[in-house]
């Protein structure tokens, strides 16, 4: 599937500011970035860098005033990895690759250390591995109400266990915290999502089973085949689409993901000279 | 049933201190206090008072040193109120007696304001009234592990929802918080408990249904017919058996409740001239 | 001083609902209620009751639709109690009147049990009594920013210690929690406030010192002499101006407190036959 | 300075278990590991790996029974980096090296997102940079009591702000959270500490100022020149000296750090054939 994804972000800056935007899809795995366009108004220098998770961030340093970022990428997308249930077994901590081990540990929004009995009571009767995470997702879907405006940037997985309401990021945090509490490495993914309604950035999670990362989305709001990964990390603290420094006020935001037919020209509406994936 | 209940409490005081002990059973309702004995070493003046919940507190003011309180009461106990399920309906907030209304509100350990969706998801499908509280107790019993040393004096109902472990006071707080979240008044009861193993003070809760207070004990650790009420309140903050002021360190504690045969002499081992239920 | 105080409250009810409104000033102490007027549209039966704190609640039971309450009272106000600093000493817990003891204990929004070292580090060097509470109020005023929309109905004193921002209710909760942590009984007061800008219900607190309750307002937003007490309790959980049951949505609110000259007619604009302070 | 550092750790395993121990000092920066000795009883295979922070972990997989690890290293230690105050300026977020950016974000125990007003109120009046962190350390030292057994593995920086008591890890978490809240990258360091009394693993923190990481220890319990770094990370979740999987119970622990005179033989008491710093 070919998807055109992108966003328009506006900010008002009362003085010098720094914006770190993580809005570019990752290029690799099951997705290939075919072209990218940035239009920034005013035309500020863009510094690109990749963090240790492979997330691609652009840093802007406006001196003040309103800044608008229009970003657009054409992505060729394969379905996410889907092994058999038999392969997706729980890996013994003694056999985990070292780079996967940190995803066992608690993080800002995923205090797995407090949730071991809960995770076990929910799915401890199921086969270790895929079935347990699938069971967690069912439980989350059935027990947490999806509702905008009910949680905020401080809301963490224990809050969601109590209050039973939240948005995609809260669903992902809860899935991650419970997975880690079972001894299964889990990480947060932020991305674009085809047919998400209303359109927005989306969040879901992955767990490490049988040697691969498996995608899970307890919200059941988006098409698994239409998820375009932007950033991966321990939780939302690692993967925010915008980190703002200085006196900055958000002023407008739109996000989209739409299918592009295979025989259409490569990019419908180039808005600037294409980015050639340069990374500082 | 006749029960001999009591406790021995020791405290070491490094300087002048105040001890407020709420260890005397309430006299009324389904229980009648037939005799009471206090032995306090050294022999300090005892000030007795009743709080607004009818709880009977004795206040001691040692000037220092070790204080030991031996208390014993003979209680004639009827089974707790048990109406029919049909009578135990949920009372509309518009019809609640004014004095019951405060038991709808959140309190220190029972933050019902955060648990409305949880309570509804657990038992919202059941008939309003007794069935819902019974359902909550089943859920608590099945989902919270009973284990000493896993919670402390700061643990509140939201913590227990997350950590799934606690002692009788945590079970009661969770039952109360979820009941109030359903719009059903609920209160905490501290008491002596026949055949509780190991012997200790016990905690359970009551909800107001169809015009009466109904007793619930989600721990299933004690005999309903052997519960001797000491104190009633919003939660454990109102009903602590000991409030200590000054440099006071607990130094020894024993609690008991044993059956006394009807034809035995009124009290096996009087340890002091009986208290005649004087209340300041 | 004579004040005309009152409020207009609107609610939309999708079906039968119960509204418990605690908006009538207390009649006694330093304030005398000279006249009261209720206008309720539609004209619903009003049930009046007093809770155990002496707070006067009116209960309405609309069957649905929009309900508007206009309430107005003329109050003759004396300055609040103000003894000398020497009299306002800290009372030993051993000498507190029994009815004051519960105000030492933690409550929903005032978890004083977690704040003993903090309270002592802030004002432990000051003379026990008025000076300590005065010191706490200075610290709160200097360290907590007053800002609307930064806290909500779940915010409690520990949150305010961390986040350093809140509204009058948060200031009062923090003052209460810290006072109790010092061993000084403290209670929450909700009221009307003359010259509060913008006009709203106000919250402040009182501590029990030397045999009297002393008024403190760490917000420094209102005139001490213009505070008209509506409700007293452990914290905001006891004193909400509106407890709503059923599908009820607030729809409009105005609150006022204005001075009435002594020689003006007793009440400027009677809106209904006067309430004769009947209490169910 | 030459230090001999090490520890003895015992564990009882009821069945197969995995132990991940991060007890080897980092080799680099201001410290050089001259020799290392491991003795493990029983003699289990050791898997060595380095995580993304450069921390060196050994993974053991006992099949059951008691396991004891004796570890010893000889470390040549230079004083930690200490630039001038003028150099230690706050770096604009727009100029931070990409690999340092994540240390601005909140983590499990350092919820800096909730502490911006607090951090600013404490040191916002000081020069941005070293002076602010130094001011935070003074505040922490003066306001948080150092006391064993008052916090646990779930305690995070907001708890310490409220409860004002903790151990070295809590002091470090609080320092980190407040630094990040100021926009200054901060990280956790776990290590051995010369002359720490009682001997134990120690925790402190570093902030990124003017292009270098500066060491801070708000506990003032250890000698800055005697700190041997084991692990660096976002907080204690990244740097635990022991992560245990399976039915494992700690059974004995000793930690030490003692000076070795320069002319003494290279290692006083070799306990096994030396480790040649092999890393899997």
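Annotations for the structure displayed:
Per-chain numbering from 1; labels A, B, C and D assigned in written order.
We take it that a residue touches a chain if its C-beta (ideal position, glycine included) is under 8 Å from a C-beta of that chain, and two chains touch if they have at least 3 such contacts.
These figures come from a predicted structure and were not determined experimentally.
Across the assembly, the mean Cα position most removed from that of chain D is the one of C. Within the list A-D, B-C or C-D, A-B finds its counterpart interface, over half of the contact pairs alike by residue number, in C-D. Centre-to-centre, using mean CA coordinates, chain C is 48 Å away from chain D.
Work out the mean CA point of chain B and of chain D, and you get 45 Å between them.
Separating the CA-averaged centres of chain A and chain D is a span of 30 Å. Multi-chain contact residues, meaning those touching two or more other chains, occur in chain D at positions 114.
Contacting chain pairs (ordered by label): A-B, A-D, B-C, C-D. Taken together, the chain D residues at the contact with chain A in this complex read 18, 20, 49-52, 57, 59, 61, 92-94, 98-99, 101-102, 104-108, 111, 113-114, 153-154, 183, 237-238, 240, 243, 245, 280. Contacts from chain B toward chain A in the complex involve residues 114-115, 117-118, 121, 143, 145, 158, 161-165.
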